[in-house]
Each structure stands twice: as structure tokens, then as C-alpha cells.
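Chain nomenclature is as follows: A, B and C, assigned in order of appearance, with residue numbering initiated at 1 for each chain independently.
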Amino acid sequence: MSRDRIRVGLFIPCYIDQFYPQVGKAVYRFLKKLNLDLEYPMDQTCCGQPLANSGMRKESEKYAVKFWKLFSGFDYVVCPSASCVLHVREHFPDLPEDGMEGSFRGKTLEFVEFIHDILRLEKIEASFPHKVALIHGCHGLRGLRLESSSELNVSYFSKNMELLRQVRGIRMVTYDREDECCGFGGSFSVFEETVSVRMGLDKLKSLTACGAEYVTGNDMSCLMHLEGLSHRQHLGLKFIHIAEILNGAV
Amino acid sequence: MIDHAGNAAAFNRDKSFAEWHNETLWHVRHKRDMARNGVVDWELLREKASAIKEHTLANLHDYLLEFEKNALRNGWVIHWASGSDLHNRIILDILSEENINEVVKSKSMLTEECGLNVFLEKRGIRIIDTDLGERIVQLAETPPSHIVLPAIHMKKKEIGELFHKHLHSAPGSEDPEYLTRVARENLRIHLKNAKAAISGVNFGLADSGAIVVCTNEGNADMGIHHADIYIASMGIEKLIPGKTELPVFLELLARSATGQPITAYTSHLIKPPPGKTYHIILVDNGRADILSGNKYGEVLKCIRCGACINTCPVYRRSGGYSYGFTIPGPIGSVLAPLKNMKKYHALPFASTLCGSCSDVCPVKIDLHEILFKLRYDAVDAGSLSMAKRLMLFILDQVLYRKSLYSILGFFGTRLLKYLPSFMVYHRFNGWGKSRDFPGIPDQSFKKWYKEEIKRG
Amino acid sequence: MDERDKILNKLPRPTGDKKPSAYISMDKNAGIDLVTEFIGNLSACGGRGIQVKKENVEVTINEIYGNPDRVMNLSGFSSFPSRNTEISVQVKIDQIDLLIVDGLIGVAGNGAVWLTEDKIGERKFPFIATDILILLQQDLLVPDLFQAYPRIDLSTGFGLWIAGPSKTADIEQSLVIGAQGALRHTVFIFG
């Protein structure tokens, strides 16, 4: 299938819509450049993950119905949040509508996953001459398996790094305990404030020690948590979604 | 009711200790990684361990009968206990019959679960925990804070003071080697004079009617082999088919637990020697219910290595006691609410669902997924506080309705921008206490997209 | 209903599915040096492995242990004597300075040696002894536990994997060798 025949529905998570529209724009522009048949259904709001992760099964289910109605017509649903994608894939209830099971879940993809696995882009045209540290959001890492996790005895792989390495001028830096959780965890960040903050500050300690200027990742929510802490501590780190880097925006 | 968040906050008040705890347990996780690196087939072993346990649990009825038959033939006395009370009562009866008033015990999470120590002490029987860590917490009159490292929450200074008071070590001494020697001399007296010994069980072999006990200190064997009476407390889920399957688990257990290739002693207790009596108590205490509940049966695959605890970023920063349950960390957060949802409903929420526990688990229990499902159960059981429910109700209203979401989103972000910071950041705001809110963009993505479409 | 039936009746109906295979291919072990591997892993366990020529066993024991008081020598490969001749008939032994026994299988992958009841005198001896010396024929080394268990007979009374001296890290995770059991652990590999 040629690219302009692939119908892609763009799912921009609620908090990105409100707080980080530049991430949505980067995804949109990136995919637009590839001539995909791209559409952003205007009635979308949220996937319901904040409720489901808080235990509100019943309340969260209607989000799945709504999501299904808005996106079922697309070949793929692409979303710049590993966490939301994981929710759709693994925690959406089994709806009575036809086709919900199986294929539909598999068609909802995280942005990097989509360009790496489906489009198999061989070249990324972008430049980002900075020292960058990648944080490995847990839902992308151990949920979607965008990268190998340190617990497993498997050969190293990272879909993120494969793409980032192609960006001109970028210098990726590594740091201590790379794939330990940053402590965001959705409502955990509020209800378990002490531990969440402790985890975030520990992560920031490694990130500042490695000399990174920018911190990037697949989940703006983890980055928002770290950014909030970093800003309060005046650490001077900058936070940017991986789609923004890949789109070449500086 | 356990308030994990509150307990965690208390734990973090001593910042340097909290940091030490985190670092030390991370180091155990690191040692585990190193040991795992030496095993090419690690992931295959995990798959096999998981499949064997699943199979055994699915056929536990038959394996228990096979085990019973073979153990009886080997000369064991077999007891069955559906609950902790009966388990304790059986031990009391065995000891009373022989007029035994002191018993040595090696580490057993099952006897912790059953509250055996308190039960026996109340009835005039002295029980001596002989594992060093267990002995420390016993002297301190506290429960263990970790299933493999019972005294990991204590500093050597504290332990030195405790030993000085109880074991007459030199005042002010805190050298681990010296303190270990002091405990050794004292414990060896108890061990050598033991009339009765109790231990837990790592594996029960159905085809051999034998049990396997893994230790590093040698205390379990010292006790068992000196005593005339030995009592093994065994949860019914500890069974595996037999010796063909055993190496799968032995290759995984110590490496996962402490990063050792194998424990110093792996004892296969098959038959009692002449003149001695060996008992096994097969304990249910809620296990059959979990298994027949069909939903979370896989938690019984657990071999109590503690790897999920060591890797858990929340446990490392909140300590074992914050869970208020015999077993802390992810596995405890799963087992506790299965036992008593009302009391432990906070525990499934004491996780970021990062999934490290599931990836580290040698028997592939999908711990973080079970924690997620238990959150549903907690809410279904009406366990969430009014305040949280209200908050989530409002969140639901805002997120679901497009119009409300847009308006509130707009005003919310605008409000954040213009409200004086003291109104945004206050002590009731869990987000803002230590974190700033993101900067406020001029327009939402939705608004931008609308204009973009118009622009063509 | 008694407790036994109460528990058994609660359990789900057995599925009767086939036992999954525990077999792990041994290809990965081709060409590894079992002695080196064994000594390395035993050392990681806090023990000591020494390759010794058969004819030098006595001399080496002497070199290492000198002339300890209470030796219990149960090995069929060494006649290293005990100065305390009473010891082998003593019923209540509360101290053995050096216990010498024969190992039945050695596992290169983890440094463990398989001991059985008939080779150790009494079950408690390996735990009481201050020093334990195991004599192990080199051709009894196998790469891992999977190759060890088919050779193990579990119809005896007691068998034991022993890997290193007793140890603990229960005080602030500081490793201390010599907890309740043996303080030192040595394996001679000869052949």
C-alpha cells in the first residue's frame, strides 16, 4: 500500500492537547511530510487511563466506546504517548462491537513504533546539535517493548535509539540506572507524593550528572513530572518529546 | 487500614537512611543482574519455571496426594492445616507431647504468616529464630521487613546496641563480622541443644516425597540434625512434580534472590534418620481460595526469592514496614489484598505499574498487571476514600465531555497562568508541593489543528 | 470433614495436562573448562577450589591444615590421621576442627558439590565442622544442575548441595563468612 492510501487517525492525549500542543504539532507535521492520509478526529478527549489506573473500571469503559467510535475507521491510530497506547492495547475492555478484539488493538501504535515498525523509515531528516539523554518510560519500555529492559537477558535493542542516532549533530548520553522508573505513575504522582518525588529527584540526579542539556522520551507525562521537579530546583534541564527531535524542531 | 503513602512519608523523614536503603537494595538487584548474565538460558529457564508451576498448581490436588503417599512411605508424619490457627496448634501439640519448651526455627515466611512465634510464646514455649537476620528482628521484637533480608531496615549501630543488651557483645561495637560471631556463639548453643526444630520449605518434590531447604547460614540444618523432632511448615503451593524439575528452580532461586549462583546449603530431606521424627504440615491458609478463584492463581507460582521487592522503586524508597503486611513490595501488595481487601486496599496503588517486578520475576508472575486489576477490585469493594472518589468523579466529568473538557481545559490552563502562585501551590496540592506546573501554551493542539485545516 | 479433605476439596479439578518439559539443551556448555569454571564459581561462593594431583592429596592437606586436633576423616581417598583417635567413636561431638569427606558430583556452573548421608557420617557433621574439605574426582564434574540430577538418587535419607562456607549478609548487607555453619570450605579436585 502506498503511503497516501494509509489512513492514519491521530490521537493526541488530553494533557498534550492542553499543555504540550507543540508535541502534537511535531507528530502531525512529521507524518504530513510523509504524505499519509492523516486526520485528527475533533471529538476526541481522553483514553480513560487516568480513571482506569485509579481503579475506576466502570467509568473508564465509556472512553473505550468513544475511542472505538472515533477511530475504528482508520488503518492505524498513532499517538505520541506510550502510556495511552498501552492502555488502549491492554486495558480497553472487550467491547461488543465487531473487530474490537484483535486487529483493532494492534492498530493503535505509539509514534516511534509506527514509524519504526510500520513505515520502516530508513532515514530521518533532522538536526539537533545537543547533548541528549533518553528516559525510558516504563510503559513504552516494558509494556510496548520499544526497548530491551535491563531485567531481561535479551540482546540490546532500542527503537528510540535507532531513530535518534540518525539525527544530525545529536549526542546521546547515558546515565546511571537508566531504566528505573521516574516516579510519575499517573495518580501515583499525587496520591503517593513523597515516593514519586523521591524517585523523580533521584532520576534528575543521574540526568544532571551525565551532562545532558535535553531530556527526551516517548511519554510527555514522565517528562512533565521531571520538568516540574527540575524547574522547581532550577536545574536548567530542558525537556522535549522525541517526536519534536525527530521532526527536526529546535 | 494501611496508609502506605503516609507510612512512606514517615520513612523518608530520615533522608540519609532512606537513601541508604534505596542504594543497598538496588545493589542486591545489581548483583542479581550480574548473576543472571552468567546464565545463557535465563529467559528459557523463566519460561520453564512458570510453565512447571502453572502445571503443578492446575493439578495440585493430584500432586498433593502423590507427595503425601511418597512422604508417608519415606517415614514422614503428615499433617494438614486449612488455616494458621490449626497450623500453630499442630506444632504446639507435637511439642507439648514431648514436654519440649524450647524450639529452634530457621527462616520461614509461612510461620511468620501464621504468627507462630507469638502463639508459642504465649503458651510458654520459647522459640529461637536462628537465621541471623531473623534473630535480630526477634530480639528487637519487630517483624522482618523483607522476606530474604529480614533486618535490612536496621543499621549496624542499632544491631550492636541490641546485641550488647541481649547477647553481651562489647558496648559500642558495630562491626558486622564481630556481631555475626557473637550471634554465632550464642545461636550454636541453642542449635546444638535443640530438642525440636522448625523450618520452612523451598520445594516439595511430589515424586520423591522429599523436601528441599535452601539456606546460607547453615542454621536450618544445624537445628534439624541436632533435634529429635523436626517440623517442616510447607505451603501447599511449594510443590513441584519432582527432581527432574528441581534444577530449573535451583538455577533461578539464589541468583534472583541475592545474586549467588546457589545458596551455600541446599538440603534434600528425604527420610528421617533412625530414632528421629520428621513432620510436615501442609498448610492452605487461603491458598486454595486464591487458586479456585481462577483470577489470580498465578501469584501462587511465587518462590519467595524477593527479586520483585529489591527491584521495586517504591519499596526501596518506602521500606518494608510501609506495607504493613508480612510480605512487602509487589508480591506483598498482591497477596495482602487477596487476604483482606478492606485492610490492604491501598497497596495495589503503592506502585507506578512500571513493570520491573514482572520482568525480574523468575517464575514470570505478571505482578504489575495483577496490581492493576486489584485496583479495580479495590474500587468495586468500595475501598476508595470519599475524597479520592470525588476527585476522580470530577476528573471523569472533565475528561469525558468534549465541551466541558475544552472549556475547563481552557480556563484551567488560563487560570494556572494568571493565578498567584500561592493559590496554585499549597499543601493540599499533591502535584505542586515539589513540582512546578508546565508552562501554559497560547493555544491547545485542537485549536491549532482547526486553524491549520482552515489554512489548508 | 477432616482438614485434609477440606483442603483437597477446595482445590480446582486437576486438568490432567501433560507435565511441561524441564529439559534445557546443553549445547552452550560445549568446550567449557569445567575445573576453571568450578573453581571460579566456588570462589564467588566464598569457598576455595584447588586442583591437586592424586598422589599429592596427603601432602597438600598437611600443607594447608598443619596438624589440627580433631580431624574427622571420612574420605576413601585420604588417610590423613586425626590426633584425637576418640573422635570417630564419640557419639556427642560438639566440635570438629576439620572434616574430610568425598564429594559425589561437582557442578561447574555454581561451585556446588553433592554430598550424601553415607559419605558424611552424620547429617550434622558438615555444619558443625570449622573447616570442611571435600575430595572430588575431576571426572565427577558436570556443567550444571541439569546434568547432575539424573545421577542423583533421592531414595536415600539425606542429600545436600554444599557451595562454600556458611555466610550471611544480614547486617547492613556486609558479607560475613562463617555464620552458624562452617567457617571455611575447600574442595580438592583431583584425578
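Everything below uses one rule, namely that a residue touches a chain if its C-beta (ideal position, glycine included) is under 8 Å from a C-beta of that chain, and two chains touch if they have at least 3 such contacts.
What you see is a predicted model; the values in this text were computed from it and never measured.
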| item | value |
| --- | --- |
| Overall pattern in which the protein chains touch one another (line/ring/star/complete/other) | line |
| Most central chain, Cα average position | B |
| Averaged-CA centre spacing for the pair subunit C and subunit B, given as whole angstrom | 29 |
| CA centroid of subunit A to CA centroid of subunit C, Å | 52 |
| Whole-Å gap separating subunit A and subunit B, where each centre is the average of the chain's CA atoms | 32 |
| Per-residue overlap in subunit B, given as positions that touch at least 2 other chains | 40 |
| Contact footprint of subunit B on subunit A as seen in their complex | 12, 14, 16-25, 28, 40, 42-43, 45-46, 48, 50-57, 59, 62-63, 66, 90-91, 138-139, 141-143, 149-154, 177, 179-181, 183-200, 202, 224-225, 227-229, 231-232 |
| Subunit A partner contacts - residues on subunit B that touch it in the complex | 4-5, 8-9, 12, 18, 22, 26, 33, 36-37, 39-40, 42-43, 311, 313-314, 317-318, 348-356, 358-360, 369, 372, 375-380, 384, 388, 392, 395-396, 399-402, 405, 409, 412-413, 430-431, 433-441, 443-450, 452 |
| Residues of subunit B touching subunit C in the complex | 24, 27-28, 38, 40-41, 44-45, 48, 51-52, 55, 58-62, 64-65, 79-82, 86, 130-133, 136, 149-152, 155-156, 159, 176-177, 179-181, 183-184, 187-188, 191-192, 205, 208, 210, 216-219, 221-222, 224-226, 236, 241, 243-248, 250-251, 258, 260-273, 282, 284, 288-289, 291-292, 294 |
| Subunit C residues touching subunit B - in the complex, by the definition given at the top | 2-4, 6-8, 10-17, 19-22, 24-25, 28, 41, 44-46, 94, 107, 109-112, 117, 122-124, 126-128, 144-146, 148-149, 152, 154-174, 176, 178-182 |
